[in-house]
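Common to both upcoming complexes is subunit A, partnered first by subunit B, then by subunit C.
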Partner chain A sequence: MAEAGAALHLRSYFQIAWLWIRAAWQYPTSFVLLALGNGLITGLDFVGLWIMFAHLDDLKGFTLHEVALLYGSASLALAVADTAIGSVERIGTYIRTGRLDQMLTKPVPLLVQVCADQFTLRRLGRLTQAAVVFGWACTYVDWTPLRVLVAVSMLLSGGLVFFGLFVGFSCVQFWTTDATEFANAFTYGGATVTQYPLNIFPREVLVGLTFVIPVAFVNWYPCLYLLGRSDPAGMPEAFQFASPLAGVLTMAAALLVWRSGVRHYTSTGS
Partner chain B sequence: MSVTGSVRSAQAPLIDVRDLERTFDVRRRVDGGRRRVRDSVLAVHDLTFSVQAGEMVGYIGPNGAGKSTTIKMLTGILVPTGGHVSVAGLDPSRDRVELARRIGVVFGQRSTLWWDLPLRDSFDLLQKMYRISPARYRDNLGRFVELLDLGDQLDTPVRQLSLGQRMRGDITAALLHDPEVLYLDEPTIGLDVVSKGRLREFLRALNDERGTTLLLTTHDLQDIEALCDRVIVIDHGTSVYDGPLAGLHVEGGSSRTLVVDLVDEAPPVEVPGATVRRVEGPRQWLSFPADASAAPIVAAVAASYDVADLSIQEPDIEDVIRELYSRGAPEPLG
Partner chain C sequence: MVHVAVATRAFRRYSTYRAATLAGIFTNSVFGVIYSFAYLALWSANPTAGGYDAQDAVTYVWLGQALLMTIALWGGGATDDLAERIRTGDVAIDLYRPVGIVGWYLASDLGRAAYHLLTRGVGPTLIGFLVFHISLPSSPLTALAFAVSLVLAVVVSFAIRFLVASSAFWLLDQSGVKVMSGAFAIFFSGMMLPLVLFPGWLGTLARALPWASYVQVPADVWLGKHTGVDLLAALGFQVLWAVVLLVACQGVLRLATRKVVVQGG
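For the complex of A and B:
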């Protein structure tokens, strides 16, 4: 994909997304209610954490604002990825309804169309909530120029990792239909796990979350650096700067799976 | 290999299909559903044909013959499992996105339009996707909306359109970018007689004025008779006839019928070159090959019987096709 190509794809993406936003605006009340409801539900998540801390002083050595940093950064990356490309999950439905056939006859790459289709801002609530928590937690960080850089690259790479996981696991639906639950177990499951300090899990789980489903790079490793902590699990210190690499690798793997999924696509009989 | 692109002459076919094959792996239940076995369905095989720019070709065959599968391979939706296909010099599945700019596709059973959005929004988005220049877009939209009488529906959400209106919307959507080829998979399905007629008129004009190549699948032979000089008949995944519509009669071994009204009831008449198919009182139906002359048979009947009236029935194209279908290809299908 050439540079110019990528810019064009991005433009197509926003053109399709814009169409859906305009369509949603035709029912402004339901849009606002949905966004509010979503924000409320995720807000309650965090209140749950808060209550837990009222009874515990810390979570395996992590204070409330430290957990908030982990929670906020992971939620932010997830919310961005989910808003941008969440509809890729629906690919099974697109296959069954023949929508995918239609998309395949349009001069815009399939992935761009699938991701932008039915674009919705109803996750805006979650996005705001995540940003507020992250912002609050950031005020406790002892900032240095390098830490700012790591924080920015953490958010971008985290988005990429989730993007890759969403796309990669959604591709399962090219081979078997109705695998949404299976895909969710990895994407949302992975996201939930990252809301906690990963040292609460056995080391084997941490290894899995590093090398298999690399969500530990979404927030855990870079946050250790931001907080100036040594790794309680004793993983190499280099991991704290490796998030961009993890993001790019996950994306690349996902795109390969996607391509082979599209070539394997068998359409429907009618 | 590098020269093939540059020597492609104007005469090179727009669509070129050679020994095309597509199989599907399916899982089938056996033993009353207790066991599942893998099976392979040969949807298209040994299919060869080519279409020149500007042709209007009818692509017909019984249910499950492989028509839609062929169109999906021509558009790049499905990757062939064997053989060769090229459209406008491109490999559809490999160069799918590039080819999409040059072709239009209408699946009669499914809409390409965005269900919840007004027709106009769908068209606007297509303009952006295909990067159609504003001037050309305005021209084309204006023309198709007028020809297809869609003016009043432009601001209606697609889900509120009738089937006929939606189909016209879909056809407009497929043509806004001036494609060189238009594939239509059962475009008249579910339309009333008047709408069908109008659609055919529109397609004919499109081909006349813009030279758009048309490949049309349908189960309505009147579509073919109205539009296509050439038909390809496909059965069990492979072509069993390719030629002018008129030639189907010969190929199908079809016959004409001489209806004889005798003055009195009589046993079946006996004349050379014709056989009696049916007797009903004094009326008898004699059939003879479509390509034979009726004159000697009429003369022979008149010479030996008292004839009150005579008439000749031309073969029915539907019967011919049915005959072709029932012969079928020898290949058994899963």
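For the complex of A and C:
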């Protein structure tokens, strides 16, 4: 029964998403430029890293293709989460304009509606670019069956962690409706942090990124395993396999926050 | 003066959103911390990269975060209102007014920029000063030159955003062009990485494009990298682009009003 429910929600999600894709296609030039532009932003992002390496042999012991592995895996996880549920950031606007009230009257769970609303394929640009960088970096990895498994679980868990961060921090807007940018510090901030080897940060930051905002599990710990490196910060080796746990915990915490946010919600009355 | 009145009201309009401002300062500061550590790692491996030392580099990071909203690097500001009014057809009313459109929106955007400078600009700068001990302008003259450079940065950025918004006369929706232009702005302004690090022809190209006026030129003025005639040349570079682009704005506007039928409401 629960299975059927989940499948139904997923179908509703795709129906709403398809609606928005067709709506965006009403302005075809903009649609194409948006996709290209997003690819360009992230593409130039990597060019930035590459230029950094024109002045360096390695960044705190990590070479360009090792940093590319970190960058590609985190970008890929972010792109997946952002494409699927990035709209949740706009919840403040829905509250302000009263659209959330309309959504509450519809027979589809609120979270599904909010995530699928204004679904946009423009993030495909980021997805493609991240996949290319990740693919290139992968050719330098010494693959074993266990490493393949860790790599797959890394991408899935990374997506879950970002999913959790997007949903969880967007809930701040149930309490204050115009502080959307607050969430950016953790979602896009988390994505930016993970572009670099985490040993460039002081140990306190690494501890925070492990236990408080667990983005270190998005790529840092599993990549250490893929690259066969010992942890420069001397964290337990088990962390390198703990990404799925971090993903599930982040997601569960976010769903709890979401529930209490929705319970707290009283309409603006507009 | 009608333009002063427009600017004052734009300033007040943005100051309504206090929580948004605080959230923004917090976010800029988080990014400031991240990039500071990244640059410190880069400059500890190569202490003279791009002719900067580690303190220059960290100062550059925080100036970039402070300028991000002031110059509306991602786009937005008064020109977003214009694009929306073109889409709805309300721009017809703007065209009726006895004041030029470019001047009207420039005044409004300067008002916005003043508000963002006092909040989103000063906030991260203070935090950078307290936490990472960034350097301050070495003399009153440097500070004054920075102020001039900053205003010019906003004008150049406004003109580019105005051109982007004008694309709505033809495309109806500016968002695609806006994202493209934002991508170039981030890369070529030096926001992503100081332009002094760009190698060879890419560096020469980046330093000649108008986006260099956004972050690289004001930051170099603040850091005291330009003195004497060199300082005048740096500011002259910004003035040149400001004039060229504002003239282009007028030209595009004239083309648009002649060629385009405004959408009825």
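Criterion: the second predicted complex is superposed on the first by the 268 of 270 C-alpha atoms of A that agree within 3 Å, B and C clash if a C-alpha of one lies under 4 Å from a C-alpha of the other, contacts with A are read in each partner's own complex, and residues count from 1 in each chain.
Just so we're on the same page, a contact is a pair of C-beta atoms (placed from the backbone, for glycine too) under 8 Å apart; a residue touches a chain by one contact, two chains touch by 3 or more.
These figures come from a predicted structure and were not determined experimentally.
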Is this a clash or a fit when subunit B and subunit C both end up on subunit A? fit
The chain contacting more residues of subunit A, comparing subunit B with subunit C, is C
Mind working out whether A:266 is in touch with subunit B, subunit C, both or neither, as first, second, both or neither? first
Name the contact category of A:180: first (subunit B only), second (subunit C only), both, or neither. second
Does subunit B (first) or subunit C (second) touch A:104, or do both, or does neither? first
If we overlay the two complexes on their shared chain A, which of subunit B and subunit C does A:253 touch? Say first, second, both or neither. neither
Which partner does A:245 contact after superposing on A: first (subunit B), second (subunit C), both, neither? neither
Based on the superposed arrangement, let me know which partner A:196 touches: subunit B (first), subunit C (second), both, or neither? second
Just how close are subunit B and subunit C at their nearest CA atoms in the overlay, in Å? 9
For subunit A, which residues lie in the overlap of the subunit B contacts and the subunit C contacts? none
Listed in rising order, the residues of subunit A that touch subunit B in the complex are 12, 15-16, 19, 22-23, 97-98, 101-102, 104-109, 263, 265-267, 270
Interface with subunit C, subunit A side, in the complex: residues 27, 29-34, 36-38, 40-41, 44-45, 47-48, 51-52, 54-60, 122, 176, 178-182, 184-185, 189, 192-193, 196, 200-202, 205
Using the touch rule from the top, collect the residues of subunit C that touch subunit A in their complex. 17, 19-20, 22-24, 26-27, 30-31, 34-35, 37-38, 40-42, 45-46, 49-50, 171-180, 182-184, 186-187, 192-193, 197-199, 202
Looking at the complex, which residues from subunit B come into contact with subunit A? 24-25, 68, 72, 75-79, 93, 96-98, 100-101, 103, 105, 107, 109-112, 114, 116-117, 121, 124-125, 128-130
